[in-house]
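Order as written gives the chain letters A, B, C, D, E and F; numbering starts at 1 within each chain.
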Amino acid sequence: MELSARNSLAGTVKAVKLGEVMAEVIIQVGENEIVAVITRSSAERLKLSVGDRVFAVVKATEVMVAK
Amino acid sequence: MELSARNSLAGTVKAVKLGEVMAEVIIQVGENEIVAVITRSSAERLKLSVGDRVFAVVKATEVMVAK
Amino acid sequence: MELSARNSLAGTVKAVKLGEVMAEVIIQVGENEIVAVITRSSAERLKLSVGDRVFAVVKATEVMVAK
Amino acid sequence: MELSARNSLAGTVKAVKLGEVMAEVIIQVGENEIVAVITRSSAERLKLSVGDRVFAVVKATEVMVAK
Amino acid sequence: MELSARNSLAGTVKAVKLGEVMAEVIIQVGENEIVAVITRSSAERLKLSVGDRVFAVVKATEVMVAK
Amino acid sequence: MELSARNSLAGTVKAVKLGEVMAEVIIQVGENEIVAVITRSSAERLKLSVGDRVFAVVKATEVMVAK
């Protein structure tokens, strides 16, 4: 199965912070830190924990450019 | 001026493809390629062209995690 | 590999309309028609064509409720 | 009044979970479960509760395709 | 019918530019210009044209803050 | 540095509500109230507080039109 989303960055989970409804996941991607906000239940379903190898996935229409 | 968006990845424009309304911008960020879809008029306003040093900017709520 | 995005609806491609940069994909999901706008290059990479069995995938933060 | 958002799926609220800022709403749409994350204050303003007939509304640019 | 999206700004259509798949709609809201990118077919379904009284609608999770 | 996001509305912070992971920021823009949902850590990094002069920033692809 392949996804249309164009951006998929391999990294390692550095931190997971659970709220009641949402969760913040910090992913180290090379020299950059990527922050993802997903539902708490998705974080639990994926059993996300520090050190996991994951991908940060972003649809191209969600990316802005600053110059 | 600082923006709330948490993800800002420094890179270099590799390609700009202009449609009538939208534009696709490919940015090399380290070993990764990031694709941004913005309006054609924004691409023109920023005068985006190959070789430009730019940032790919993404709001944290737009990032998904795959494991 | 599993994705954090919570919504994944199985359906069949009914139409693909290609623009220069973007593509519109219409997916029949049960009695509903779902419209996805992705990049043309993603539509081509996935070789989307009428009759394909696909999933429409949506991050939960992108869903609104009308009552 | 009509909205440009192309996707509007009729369903029934199955669960509402309130956090401090956000709320998660699970909507049964035919055989599928759709999860929406909206603000808690919107959930309260709409008085969303189990059994309500609602629509899950999604802008076409937010829909990805997996094949 | 009421929508969970929190932001709804009354304005007047100043310009509509149609691409093959997408359309750009410029809306005058008080002293500000708001740009919306929707599908061409939505622009046609709503028969958007210059001078129309419309609302620009944005989900709260899509709004960033710059300071 | 300039951002591709097309919509930037000057206003004043009216309220900040902090959850564990997310924060809701209400911004008075002329006669309209704009609600932004950002991460709590962004709200803290920007030291957002009532009375601050800020901009509400929205990517054009996130704006819908109602007529």
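Observations on the structure shown:
Everything below uses one rule, namely that contacts are C-beta pairs under 8 Å (C-beta built on N, C-alpha and C of every residue); 3 or more make two chains touch, one makes a residue touch a chain.
Given the structure is predicted, the values throughout are model-derived calculations rather than measurements.
By residue number, more than half of the contact pairs of B-E reappear in one of the listed pairs A-C, C-E or E-F, namely C-E. Centre-to-centre separation between subunit C and subunit D, using Cα means, comes to 18 Å. Centroid to centroid, with C-alpha atoms defining each point, subunit A and subunit F lie 22 Å apart. A straight line joining the Cα centres of subunit B and subunit F is 21 Å long.
Listed for subunit C are residues 1-6, 19-22, 24, 35-39, 41-43, 46, 55, 57, 59-62, 64-67, each touching two or more other chains. If touching chains are joined by edges, the resulting network of the protein chains shown has some other shape, matching none of path, cycle, star or complete graph. Interface residues of subunit A, counted against subunit D in their complex, comprise 1-5, 19-22, 39, 41, 59, 61. Residue ranges on subunit B touching subunit A, taken from their complex, read 5-9, 24-25, 27, 29-32, 34-38, 42-43, 46, 48, 52-67. Interface residues of subunit A, counted against subunit F in their complex, comprise 17-24, 35, 37, 61-62, 64-67. The touching residues of subunit B, when paired with subunit F in their complex, are 1-6, 36-39, 41-43, 45-46, 55, 57, 59-61.
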